[in-house]
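The two complexes that follow have chain A in common; it is paired with chain B in the first and with chain C in the second.
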Partner chain A sequence: MQFVSYSFFLFLAIVFVVYYLIPKRFQWMVLLVASYVFYCFAGPKYLIYIAATTFTTWLTALQIDKLKAAQADYLQENKSLSREEKKLYKTATKKKQRHLMLAALLLNLGILAVVKYTNFAISNINAMIGLAGGQPLGYVSLVLPLGISFYTFRALSYLIDVYRGTIPAEKNGFRFALFVSFFPQLIQGPISRYSQIESGLFTPHRLNWKQVSFGLQRMLWGYMKKMVIADRIVVGLTTMTGDTAAYTGAYVLIEVFFYAIQLYADFSGGLDMAIGAGQIFGVDLPENFVRPFFSTSIKEYWNRWHITMGSWFTDYIFYPISVCKPMLNLSKWSRTHLGPVLGKRLTVYLSSFAVWLATGVWHGASWNFVFWGLSNYLVIMISQELEPLYRRFHQRFDVDGKLYFKIFQVGRTFLLMGFLRMYDCFDSVTTTWKMLLTVFTAGNWNILWNGSLMQIGLTAADYIIIAAGILLMFLVSMSQRSGSVREKIHAKPYIVRFVLWTALFMAVLLFGAYGIGYDATSFIYNQF
Partner chain B sequence: MKNRKRKRFVRITVSVVIICLLLFFLQRLMMPKYSVGTQDGAMIAEYYDDEPKHNLIIIGDSEMYENISPLVLWQNYGINTYIRGSAQQLIWQSYYILEDTLRHETPEVVIVNISSMQYSEPQKETYNRMTLEGLRWSTSKVKAIYASMTEEESFMEYVFPLLRYHSRWNDLSADDFRLMFHEEPVSLNGYMMQVGVKPAENIPDGIPLADYTFGDIDYEYLDKITALCKEHGVELVLMKGPSLYPYWYEEWDEQMKDYAAEHNVVYLNCVNKEEIGLDFSTDTFDGGLHLNVEGAEIYSDYLGEWLQDNIGISDLSSDSALSRAWKTKADAYEAKKSEKYKELSD
Partner chain C sequence: MDELMEFLEELHPDVDFETCDTLIDDGILDSFDIITIISEVADMFDVTISAEYIVPENFNSAQALYELITYLEDEG
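Up next is the complex of A and B:
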């Protein structure tokens, strides 16, 4: 069931009514049933995947918790043990916990790897077999279960948090199942942590009209982004990226711009819908975007874009690798042999490399995504290395804090990220490079004004709507800098609020690219 | 506290009413105006404006609504006819239109065009819309929608057509505002008049088919039509119009003959029937697909006589109210004819 479907509206309305009508202690159960019904729409056979991940992570976390409790009891009962004996006992228990956690991690990442990367692996093996003149392997037919990357990461974050002792294990498996499957965040995130949404999910909620209307408003804003902007601009984008022979040079620059807008409007729009839907039920999901196109550097951009994924990789890949024993040994060795500066950075570089490789692979089973992840890594590392040089330049020309320089930085980051993002748009890494190169070699800048852009499937009316939509997004982003836009609107007289929200609703209804005649596009991040 | 609650209630009620009104007006504005566009979609709705006292109801596609002139049937035989026609009407749509009609009146005779037996699946959303949008809401309409929807269609978009036509804002014309609440009639008792001549030449033989058998679903709905007519005591005539094209295969004709014999209903195949007296070098406006007004008048005269001789349909010409109504319609018919000829000569 897509968020942009009539069945979803009906589903949401039914769940809403039942949720607020039944006794409050059963509310979370309604959400659990609704989430599994929602998941069933993707195909009941895929329930096995989410159920398996839920069960294994819940059981493992419970076992880890039991070991911790047993350890506490044992140490309480055996106070006379020497410090050495206690340490030995703790180490042994920790080892058992680690083994349990690793087994569950491997199992669930294994499921993810098999369903998501098997054919990618086969295609690479076939390439090598081809070089050796052998018979290629056949591909397997595996359909990706809905939202598997998202719910797997959510479940694993919980498991690791229990292992680390950050949170206690949830005793009730059904409650944990709700955390993993909560339907608003099932399709494309956010990748919330158990501690972030536990209270929202399980605390009884009274019907709060302000909260419900805020949720609906957030959803409406998401529909505006997705249906009015993303699904309209995608027509022009797919026309251009689908014909790499005809659309080169300046067209690629337009593609960079179009894809940036489409991806942001699509993904953040979907997240607005998810967060809004959560809010309707009193569940505050974490934010995933904070005006990413206002970033002045790529590092800052990644702190504002897909925030929950970034923090997941930082917490569960970057830090564990940085402080693991081999890395600490390497750090020690490199400080001695390579000097304090490079020695200190080496471990950071290696950990970051792992993070960006994983980020790329997480986004998709293709070399394009691997290169995309590593390109981000390279740009961030180079920027970090050149930081002292930049600082001197800024001081020399006194540009720090100047508006024009900030605009330059924002534009530079937008373009750089836009170019990197083009790995998504073409079928291979080399095609991406070739297409990007044509920006500087084709010299067809006249397409920007000779009417060629009217031949890519977009009419003048489409451009006007897209431009108005982008302007609206920009104005809302500007206003967000000083606080919640919905709160600001809420403070206005009723008539103003009514006119504003009704106008937005009518705009989505009339200018949304939906229904027959439009190629309904599912959310880009659904496939992850 | 009570005042605040009351104020809030009033505010919400007024807001909801305003939004509903806005949506209603927008929907009326955005919906296609068939009377000034594709007129084939206008007739189904026009039926409800006529007094339901017809003794002949004709149901089918353009082979009916462009080939039969109810005025001739009235003037020559006193048959009060209405044609409930729509472009490429499918057999299940004919059934539900019949169901809808019988809710309003019980005619003596119902003629159903059976050329749609060749289609076992919904064809095109455009045709579905032209047939279904004009039907008034009833269980028949709901069932007709579900039976007719193509894969890309959604029931919700029939309930709220604004969801289907929302993107028409870019094509709105003055007519969309003018005809928001009332469309001008385009037919005369369901007849869509056509003028001009395009002779039928080189009509190709039908391409051999792999299977000539009508689909199970077609028979299922034909059975339903037969049963419904019997239930209401209505004489059913299954008819194939006189159009030369699309090709009506002998195998199809045989199946219909067998069906008629088996179910004790009348089947009238008018393709290449010499006694009708049609001349396809002068009586068709589109090369043999449909008849022009002269052809329709000739065919209607034949049909009226056939109905009187074979079915014994009543002559209602002594009904003064009907006579008065048909007098007005005859004037409108002649005016329309003149207007059409004028358009043609321009």
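Up next is the complex of A and C:
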């Protein structure tokens, strides 16, 4: 069952009615049952995966918590121990906890790796076998369980947080199962943390019409982005990217622009639906996007785009690698041998490399994503190195804070990210490079005005609708800078609110992309 | 504390570390800065700040950071 389907609306309506009718202490159980029913629609056989991840992480976290409690009791009962003895005891129990945590971590990452990367590994092994003239291995038939990357990361964040002692373990396995499987965030995130949504999930909720209407409005906005913009612009995009011989040069620049819009409207639209659906049940999910196309640098962009994934990688990969003993020793060594400047940066650069490699691999089992991740790494590191130069330039030409310069920075970031994103659109890394190169070599700029863009599957009406949709997204983003748009609309007279929301609803109905062969059921990030 | 303040001011000369208590919340310190601080603290105080202590409350002000260092020193 996908967000863009009649069955989902019916499902949501039934869950809503039951949720607010039954005694409040049972509300979370309704959400749990609903989440597993929702997951069943993807195929009951995949329940085993999410159930296995839930059970193993819950049980391990519980064991870790017990060890922590036993440690506290022991230290309480043995206050006479010397500082050294206490330290030795703590180190020994911490080691046991770490072993447990690592076992569950490896098991769950192992499941993810097997279902997601087995065929990628086989294709690389086959390439090597091919070079040696051997017999290639057969591919295995594995279908990716729905949302596996998202729920695995959610469960692991909980496990690591319990290990670190930042949250206590949840004693009730069913409550934990709801955190892992909560249906609005199951398909494409956000990758929430237990501490962020625990209270929303388990606190009894009274029916609050303002909250429900805000949730529905947020969902409607998501449907607008997804159905009116993303699913319309994708037609032109796939026509162009599907024929790399015909659509080169200036067409690739158009693809850069189209894909940026499609991906943002699709992914952030899906997240609007998820966050809106959560809000209907009184559960506030964390935001995943904060006007990313207003970013003035790549670093800023990654603080505004897919925020929950970025913070996951920072908290659970970047920091642990950066501050582990070998890394601190390396930092010390490099500062002595390579000088204070490079010495300080070496560990950060190595940890960032690991983060971006992992980010690339997380996005998909292909070299395209690995190169995409590493290209981001390269650009961020170069920007970091050039920072003092930029600062001097800004001071020399007095451009800091100037609107025209900010627009230039925003445009530069948009284009740079757009170019990097194209790894996603072509079948290989080399094709991506070749296609991007044609932007500078083909010289076919006349396609921008000679009517060629009317031959890519989009009509004049499509362009007008897409342009209006983009303008609306832009205006909403501008308005968001000074606070919640829904709150502002809520403060308007009833008739104004009615007209605005009805107009948006009608826009989705009338201008959403439908028709024979149209598939509104999939989101780009579903495959992760 | 003086040694720590001196280092922080060197890292971000534009920030008033005496008064600012929103170093993380306002995005003044980023993840690169935090790693640089941790690495420097390891040298300066012989204290290892492990990943579990990298939370906004411990890095939002110079005072909070110093308190964390003191706590870790006591913990041994």
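Basically, the second predicted complex is superposed on the first by the 522 of 528 C-alpha atoms of A that agree within 3 Å, B and C clash if a C-alpha of one lies under 4 Å from a C-alpha of the other, contacts with A are read in each partner's own complex, and residues count from 1 in each chain.
By definition in this document, a contact is a pair of C-beta atoms (placed from the backbone, for glycine too) under 8 Å apart; a residue touches a chain by one contact, two chains touch by 3 or more.
Since we're looking at a predicted model, the values are computed, not measured.
Student: With both complexes superposed on chain A, which partner does A:V348 reach: first (chain B), second (chain C), both or neither?
Tutor: After superposition on chain A, A:V348 lies in contact with chain C alone.
Student: Looking at A:Y494, would you say it contacts chain B, chain C, both, or neither? Reply first, second, both or neither.
Tutor: In the superposition, A:Y494 contacts chain B only.
Student: May I ask you to decide whether A:W312 touches chain B, chain C, both, or neither, giving the answer as first, second, both or neither?
Tutor: Neither partner.
Student: Check the residue A:W221 against both partner chains and state whether it touches chain B (first), chain C (second), both, or neither.
Tutor: neither
Student: Looking at chain A, which partner touches more of its residues: chain C or chain B?
Tutor: Looking at chain A, the partner in contact with more of its residues is C.
Student: Can A:W362 be said to touch chain B (first), chain C (second), both, or neither?
Tutor: Neither partner.
Student: Between chain B (first) and chain C (second), which, if any, makes contact with A:P320: first, second, both or neither?
Tutor: Once the two structures are laid over each other on A, A:P320 reaches chain C alone.
Student: Name the residues of chain A shared by its contacts with chain B and its contacts with chain C.
Tutor: Common to the two interfaces on chain A: nothing.
Student: Please give the residue numbers of chain C that touch chain A in the complex, ascending.
Tutor: Spelled out, the residues of chain C in touch with chain A are 27, 30-32, 34-36, 38-39, 42-43, 48-52, 54-55, 76.
Student: Using the touch rule from the top, collect the residues of chain B that touch chain A in their complex.
Tutor: 11, 15, 18-19, 22-23, 26, 125, 152-154, 156-157, 162-164, 166-167, 169-170
Student: Mind listing the chain A positions that touch chain C in their complex?
Tutor: 83-84, 86-87, 164-166, 299, 303, 314-315, 318-320, 322-323, 325, 328, 331-332, 344, 347-348, 351, 384
Student: For chain A, which residues count as touching chain B in their complex?
Tutor: 6, 459, 461, 494, 498, 502, 505-506, 509-518
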